[in-house]
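By letter and in written order, the chains are A, B, C and D; residue numbering begins at 1 in each of them.
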Amino acid sequence: RADLASYCLMLGDDALILAQRLTEWVTRAHELEDEVALANTALDLLGQARALLARAGTVDGSGRDEDALAHFRSEDEFRNVRLVELPRGDFGRTVAELLVFSTWRLALLNRLTGSADPVLAAVAAKAVKEVTYHRDYAARWAVRLGDGTEYSAERLHAGLADVLPFAEELFTPHSVEHRLERAGVAVDPAALRREFDEVLDQVCARATATRPEVTPVGTLAGRAGRDGVHTEHFGYLLAEMQSLARSDPEATW
Amino acid sequence: RADLASYCLMLGDDALILAQRLTEWVTRAHELEDEVALANTALDLLGQARALLARAGTVDGSGRDEDALAHFRSEDEFRNVRLVELPRGDFGRTVAELLVFSTWRLALLNRLTGSADPVLAAVAAKAVKEVTYHRDYAARWAVRLGDGTEYSAERLHAGLADVLPFAEELFTPHSVEHRLERAGVAVDPAALRREFDEVLDQVCARATATRPEVTPVGTLAGRAGRDGVHTEHFGYLLAEMQSLARSDPEATW
Amino acid sequence: MSTEEATLGTESELRDHFEDRIARDQRIEPRDWMPSGYRETLVRQIAQHAHSEIIGMQPEGNWLTRAPSLRRKAILLAKVQDEAGHGLYLYSAAETLGVDRSELTDKLVTGRQKYSSIFNYPALTFADIGVIGWLVDGAAIVNQVPLCRASYGPYARAMIRICKEESFHQRQGYELLMTMMSGTAKQRAAVQDATDRWWWPSLMMFGPPDGDSPNTRQSMEWGIKRHTNDELRQKFVDMTVPQAEALGVSPPDSGLVWNPERGHHDFSEPDWAEFRRVLKGGGPCNAQRVERRRAAHEEGAWVREAAAAHAAKQAERGEAAL
Amino acid sequence: MSTEEATLGTESELRDHFEDRIARDQRIEPRDWMPSGYRETLVRQIAQHAHSEIIGMQPEGNWLTRAPSLRRKAILLAKVQDEAGHGLYLYSAAETLGVDRSELTDKLVTGRQKYSSIFNYPALTFADIGVIGWLVDGAAIVNQVPLCRASYGPYARAMIRICKEESFHQRQGYELLMTMMSGTAKQRAAVQDATDRWWWPSLMMFGPPDGDSPNTRQSMEWGIKRHTNDELRQKFVDMTVPQAEALGVSPPDSGLVWNPERGHHDFSEPDWAEFRRVLKGGGPCNAQRVERRRAAHEEGAWVREAAAAHAAKQAERGEAAL
């Protein structure tokens, strides 16, 4: 049960933190339609996060609700991958990140619909539709940028070069995932790599972009986001996200 | 005594918040020498803030120390002018802000050395030397930018156009200032305007820059920074600044 | 003009036809003839309304990343997204009148077209989110419900859709305030403070007093305004006072009192000098609001260019658009 | 080479003179002749050292705006400022060898010159600020104290000044940790966690084991390195272990034990594969560190250009520089 709770936090925190970053685009995008699309993506991910955090708080017996988990955990208690906490960057970076993240997550969710845990399976089934749209959106923009102007192709390439070093972490199984995979509950992320590579190569081909060669970003003696070891950027994100909730812990909203 | 405490908060918060903004330049300036100069300015202002907040906490009888005041007050309890809380912007903006702020503050401090309150007088005497340097630094850079390239002249002008609308607030006396001025403790900020205008016009002349015509930024039914009514930017600054202190209020540092 | 002048009468016939439709409360559609004053007034009105939706995203957007609960974050995000949607409907409605959206955006970011002055005030606490829903959306609804019967079809249809969503937003805002009023003392104080700050600007949303509103008559004749500013303001006050009572907050107006003779609330005059100051750029956030949109537009230019370049390449290759 | 070859002997005389000064532990000064290998090695070493000071500002800079007390904020700001100062002394020392600072900056921001790998690890909590002072500055001092006797004068003099300030920083870091260890359980846990994370990278600061450090011998002969990597590492461990005990934290090494026969602590081998990985760009923060400096340099280009343009205008007008 502790493993299941940890696993829900991993997938829930990924969604929560990426939703937070995407939210920063509101009032800042190049076109209203894309502002709506990015807000909608954030809203979908926020919904996934809420379901998964609620499940984690139930399963671990702590009785913590989604808000206790989102707003009153400290940095080292978050289980998201580092990819989702990177600063927003420009639209090319966001497209690259969303492409990488949603390609990986869709592959994962597709398999998770068959999870032995009925709640995870149900969350995954709903999320598959959403993330399919996110991946399509990112892929369409990757093609437009890659096959657009010289400058936009450069920005897409730079975006991929920024985020791909953090992709390694997506495919590195945590001991929790190993154990739950054997129980038929979780997905072994290492198994997602082939599908990920195929999709990414396809999109890059349509975008006339070469996938940049990158050095995976290092861990701290093997520990990374899934172990609560994050980037220097993450503390700022949490300080902002949690500030109001923490300023009056007795408040009801 | 409540008035004196409020006044110390006003001048202390101005210094504290501008120090915080200037600190953001560390590791981000165009040249190491300027990184040092900006850090040094921040350090001077931080020192002034500490002396003034400590005085406020003593005088108001609350026994709050500098850290209680800096890290455990809410947004509406801060008394700084809105000018100092504006986002950092580029170097042209910072030069403009530092020029406006330190020209005003130096005029104020010079008069404050004769305050009937011995602590204020002593703080002012020490700060005069520091702020003289800050003003010189800003003025020298204003001249370099204004009389540098076409682009730098533009950036200086844009910076002045951004910050001058907030200058009005510097010269608007608060009822606390009025009362303390009659007691010989405080300075009437309205009296500083002539000196301010003269210095600014001089610097602009040497910088071959025209001082932009601006509309003063509005108040909320007459209330602004000195009344605890701030900009939308301020909450983010405080969330970051206070996050660690608030995460473990029992901690000793 | 008589039928005898038929050869010269094409325009006057069209005008008669137009005025007849207006008189019979029938809708004008994009392909119908309309007087140039009607068209211009409508374009300006619809564009300002669209701009208001877009700029209005900013004060609320200021709390998106700091919403104190995930449920409130989701509600707020959905609301802000709806506002972008409203902006899009309205720009489309304006485009049926022969203007280009990019032209309107350009006028917004260069300050040549206005948006509702209310959005030049800052959203300083999360209580503001509730009060914006309650008072600002409330006032917007009072303004807009009559426009669901506006004489111009595309505008009226956009308003119907928008009003439906806005009354939903208004209820959500009020519900947030109700929750906060049953919370901590700090929360209750924040609701009162936000009410104090937004009350007068909300009353000013209906525009200057009727005596100072010279265009009202023409707009009412054209059916693109259905009530005077003062009528709408009175309606808003009458509607809002009992809501404030139910909530347990006091509007910041000592002159606010029920007048049984009029069957309406009396209330004090808003500070019209402030209204004019804010309109002319002297509000707390005018520069910030336009600058944010300008920066987004400018920083996003390369993305729009990329999309256009890609579409051109596709067209050249004879491919279907993405 | 004999004195008979005098006509050809100018260079060999100079070399003899150089080697003689080195042998007698006298300093080489900028205008003295020196072998090109000596010059190049020194330039590289000093530049790397300067870059390390500058990049080293980043992990600590990460906590400047969030320091938990104003006193700690002031201390940290002063420290980071000192590091910029150290960078400046060192760049000046390098310039005495005929290179240009802008050239060195260019090599840093394009990744062609290295800095100490330790700064490719993140500063994740405020305890890291203390541990960086204690362990990282501590290791730097062990490395640098012998360099106060380096054979090249400007370098040796810079090191004297730097070492003095760094031992002050080291004491401040240790004092912060002492304070935190007498604080809450959360604070004590943070100190242990930071120690766990920084321990091994600190040991690696002395470079690879002597067997893998081919340049050590030549540098020692030239007097720009005074002890081998392993000697310095041992010295650091021996110095640090009692400090850890006094603090109440445990270094994360089960093999760490006092060896009375050697009169030194035994300790386990650091993970040299990780060391090489980080050196090649695979640390947690390599890209971030270089990118921050590159961005600052690039975004500041217009300011440097403005200063140059103004200086040129002044010179033209015959005015004194500002």
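The definition used in the following text is that a residue touches a chain if its C-beta (ideal position, glycine included) is under 8 Å from a C-beta of that chain, and two chains touch if they have at least 3 such contacts.
Since this is a predicted model, take the numbers as computed values, not measurements.
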| item | value |
| --- | --- |
| Farthest-lying chain, centroid of Cα atoms versus that of chain B | A |
| Chain pair, B-C or A-C, that carries the greater number of C-beta contacts | A-C |
| Between chain B and chain D, centroid-to-centroid distance (C-alpha), Å | 36 |
| Chain C-chain D separation of Cα centroids, rounded to whole Å | 60 |
| In chain D, residues with contacts to at least two other chains | 66 |
| Set of chain A residues in contact with two or more other chains | 235, 239-240, 243 |
| Contact graph of the chains (line, ring, star, complete, other) | other |
| Of chain B, residues touching chain D in the complex | 16, 20, 23-24, 26-36, 39-40, 42-43, 46-47, 49-50, 53, 66-67, 70-71, 90-91, 140, 143-145, 147-149, 151-152, 155, 240-241, 243-245, 248, 250-253 |
| Complex contacts: residues of chain A adjacent to chain D | 75-76, 162, 165, 215-221, 229-232, 235, 239 |
| Contact set on chain A toward chain B in their complex | 74, 235-236, 238-240, 242-243, 246-247 |
| Chain B-facing residues of chain D, complex | 54, 57-58, 61, 63-74, 77-78, 80-81, 84-85, 87-88, 91, 126, 176, 179-180, 182-184, 186-187, 292-293, 295-297, 299-310, 313, 322 |
| Complex contacts: residues of chain C adjacent to chain B | 59, 62, 66, 120-125, 193, 197, 200, 271, 274, 277-278, 280-288 |
